[in-house]
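Here come two complexes built around chain A, the first alongside chain B, the second alongside chain C.
This part shows the complex of A and B:
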């Protein structure tokens, strides 16, 4: 008896829809085993992770706040991945966007600059992220360098650059030597939507990004070009679409969204520039993009789900003394299962009972 | 190897190989349904059928590549279950595939060694390779690297490799599809000799004249079932075709008073370096194609046809704008989109992955080549209604059969997808249509529709350039024919004067003198 993968005659659309759910299910089973090994009750651990955060308004708002950067970044990444351009460096673009926007906040600090500051910061963040993303894209197009490696390595460059700024030139003189800028002025801060709440304007921007992504992909010729160049590169060339141009474009959009997410995070929930502004949003967004099937609406749902794991992870750390790193393990296992389940769209499992005779030699 | 004849041959009452009720199911689809076939020694047995008739499935089962779902195979009267091709080979079944499995950067001898299961030393094997190739008149230099060889020579490697196993039964899958008429004649001599040695041959083909000439028996498959086993010499090409297709095939008719007008596609001294190291360099290609005219380009695959298509379509651009002129406009430097805007349309050889994006809907594939013109895109937004209308019109005009209004390209059969692709381009009323292998792997009904569409397009005043390896097709629809060899294009000649002999010589790369002589004889 053996288990084989058999190619399906055509792709299964049902599986395409439920594959992320199967992946989530398998992840939960694996996590239960992991909790049991850690000596925690799996049922109550999963309850703290996935149910408790949904029961109070603060946590619900917090989920939306965490989902905002994840969704914005993942929308951009999905464009890259659809076009077969592998941007792994959204984390770096997020940080550079945060730095670029913060520059204006630091420069205008304490002046009577008007309400133009925040829009300008968002714009600077987007530009900074886009330019930073164009470095690996240009290296790819001009020299054939692997964008996977270059974009990933630039994450660490960005991380150290931010670190240098807040420890050096931009450090708050009244900050007791902590590596941080001074709190941003109100005009340089993303406003909250409900007084006293956590939800901020960034949530609206993320929703706009989802809508724009959906329209771009399904209604415009550029979106069509992006999809064709990834799905059938030779047909795309035959259609007259320039794959190099599309690599540059998708990297630029992706970098812009990541950069804007970065400055929103800094000028919103964090309030100042400091190291560690991101718990790995740029990497987690890769999971969000795939879990959401590279589809804007799917990404919105997947983004909320992964945000839930961040909040749940924090609560589990407090309530059950489960290390926060377990959240990263969870996210990693989830990506693994999402990609594995995707093979079921084109293949199916088949049990073969009577194995054919073992091949004999030729002589 | 003192004696190359198989030791024991059963010429008696038992067939060498029998399939009894052989059935192969893929899900609910029956690729082969209860097929009985008897292969006798010393016979060339033709296996005829259209694409999708089940020929490959049957042959794969016989060669051990797939397991039949039901029924059995008998080898010299005994039940045979094959675990894989290597067991088939050890029994004495050899196969020459249509698509070669050769490594371009290895030598002939290295390639043969990789395909043999034997344990003899490389030196002995090389010596035996040379001997076998000499004995059968299939000359090969074991030390040459494959990429330097012509397609015909590559096929020789595959045949010699199969013969070195001393098979009792040899399967050949469309062997003449890639050969010049002269090369095919040489192959027939070899096959006759193999037959005389007592071997059995299963010859897959859809070239009926060839089958009538060469084969002793023919089995015709249609829709996975055996229709008949007959003596092809006693049949006519028409009766064989009717059995294959299951009905009459529509005759293709050229309009009676077609008139040629001004030159619509002119190529002047086109030279192009290949972009891949094993590609072909286009050299001094010049021709002129008038409106109302169909020019055919014959030639063995791999002689620069792909490169010419890329250069004409603009997938690769030439340095000098004047090398390609579309409707009076220098276009050598233009992109494929700009050339489409000048009224050119293109149909590449590969339907899936080149002509269409396989996993995208037909409407999206209409957009693929229609976005430049025809109002499918307004201010960057796609007009879905317009793309769907193109699908509907192509469906109606060219009888594209599909399960729903707008399915994925990959879900269509080869013939229907090709009708859609050709239809998509013709509906744009092109001034120039460049089409490569228009009916490759397409069923007879669809082929007739496509050829008629090309004739009608020319009759409406467009210039049509057809590249094909099928000389019968070119004879049927073209006005003039030129031959491509090693990146050179011969002077076009009137189709009425292009005999198979003359074309065959040019396809084999005969020198200029030969060419002149051939002209003189023909004229």
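This part shows the complex of A and C:
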């Protein structure tokens, strides 16, 4: 028996639309098997994971809160991936953005600084993230160093740098030696949208990012260049597009969005800078970008779905003692199925049972 | 035991997992496949390796479990990239995300357990030679195995016909296919070899380096191994230099922390990662004339029958 791929005459638009759904379906089947192996009832486990969080308003808000950084980061990553630039260090850019913005919050702590503090923090976060993302981009453009490896290495560096700050110079003197800064002042805090709720201004900013990403890609020349450089590099060269400049641009945008997401997370739901502010948003956002087919609206939906798995995972741990790592396994399997189903857009899968003909002729 | 001797022994131990994983990845990449999932295969190898050794009480069984786990992980990757023509970068990332989760699940019940680490070689007379005795004749089996593996891979790639065919598949899959070589099969075997090496490299950590399992204990070593392959310009011999250089950076920063140098420990811990970035830049810069990477590295190949 042999699996053979046959190129379709043209890409299948039907499959392009339904492939994420097939992928989610296949993932749910695989997860049921995994739950059964772990000795849990698959039906009730899936219920706790994917249905229960949708039934109360607290969890619904929490999904939106978790989706905010995922969507913001994934919008930026999708631009990189469309341009065939592989930024996989968004987690580091997220952390550096959080650090850059927190600097102002720490410096203005206890002073009578006005309401300009928060906007300035968001700006600093974006700048910090963008500059940090430009390191691998410049190494790539200038020296040809693999941006995949350098951007990832910088995640570890960012993590250690943040750790140093909150254990060293920025530690809250009244914090009982916990590695954390003091709680940010109200002027340095992202306001909530509904009094007493969890939903905050960051949700709106994420929606703006989605809209901006959509406009950039479908209505501007730069967006067109990004798509051409990724899809047809040769044509892009003939068109005179500067692919190095586009790598720098997409990395900078993606770093800025990740950095802003970082400072929003710290100044919003968390309220202070501490280690472990991200449960891997930067990596999960890679899955969000692919599940959303590198399309801004798709990313919004995919971001909400993966946020659901974070909340569902926490609830499943509490209610059914299902380990948190199951969420990561789920995310990894989902990405595999998404990629596999995407292959269906360009190819037909065929199983051949007889022995194949002798290969001849070049590709 | 002198301090210098202690440091060299520690460097050899710290370098071995890097060397093992990088050797496997080098073969994979030579066949034209870029598997970014080394970290994922390593961490699953670590969990399964420790589990196997703890349940059976045998280091060898543990090492075999690590190898099998690595191969199984690599088969998922092979199915995706070779069978279904999925983008290799994305599939490698998926493999790492999946591996981190799986190792947490598998390893959860072993956290806090201890095993007797792999024994060190002891040859009466030779091992007792002052200074060099322990360094050359007093290591655990994995250290010698990793060096033998590099030699074996070098011999295979450059002195045998299958090795030549493997390199041909990595440099020009269309021509190799036209000559009648089964490109996908060659690549699948190379990916599996990479998985076996990564699994063994992961298993080395809880079996010999530290005799217990902690989640996330690979700490980016899989990614550093990937960088080492670039550093070595895809030449097996240079992997040894690269791996020992990185092992040395890792150990020296640990010792520097111990000596109480007035630099915060986090900065020292960041050194191996920063060194990777700097080395990648220097190496890539020196090579701007012409790349030594396998020409078809990372490209999808779908044979037209």
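Remarks
Keep in mind that, in the parts below, the second predicted complex is superposed on the first by the 347 of 363 C-alpha atoms of A that agree within 3 Å, B and C clash if a C-alpha of one lies under 4 Å from a C-alpha of the other, contacts with A are read in each partner's own complex, and residues count from 1 in each chain.
As a working rule, contacts are C-beta pairs under 8 Å (C-beta built on N, C-alpha and C of every residue); 3 or more make two chains touch, one makes a residue touch a chain.
Everything numeric here is computed off the predicted structure, so don't read it as measured data.
Once the two complexes are overlaid on the shared chain, A:326 sits against chain C while remaining clear of chain B. Applying the stated contact rule after C-alpha superposition, one finds that A:219 touches chain B and leaves chain C untouched. When the two complexes are overlaid on their common chain A, residue A:235 makes contact with chain B while staying clear of chain C.
Of the two partner chains, chain B is the only one touched by A:227; chain C is not. Contacts of A:117 after superposition on the shared chain: neither chain B nor chain C is touched.
After superposition on the shared chain, chain A has more residues touched by C, the comparison being chain B against chain C. Judged by the touch definition given at the top, the superposed model places A:98 against neither chain B nor chain C. In the superposition on chain A, contact of A:88 is made with chain C only, not with chain B. According to the touch criterion, the shared surface of chain A, contacted by chain B in one complex and chain C in the other, consists of residues 356-363.
Chain contact summary for the complex, chain A toward chain C: residues 3-5, 7, 38, 86, 88, 135-136, 139, 143-146, 148-150, 152-154, 156-157, 160-161, 163-164, 167-168, 283, 286-287, 290, 323-333, 335-336, 339-340, 342-343, 346-347, 349, 356-363.
Note for the complex: chain C touches chain A at residues 36, 40, 76, 80, 83-87, 89-91, 93-102, 104-105, 108, 173-175, 177-178, 180, 182, 215, 219-220, 223-224, 226-227, 230, 264, 266-267, 269-270, 273-274, 276-277, 280-281, 283-285, 287-288, 291, 301-305. The touching residues of chain A, when paired with chain B in their complex, are 9-11, 219-222, 224, 227-228, 231-232, 234-240, 356-363.
Within the complex formed with chain A, the chain B residues making contact are 26-27, 29, 67, 81, 83-84, 86-87, 89-90, 116-119, 165, 313-315, 335-337, 340, 346, 348, 350, 353-360, 364, 367-369, 371-372, 377, 380-382, 408, 410-411.
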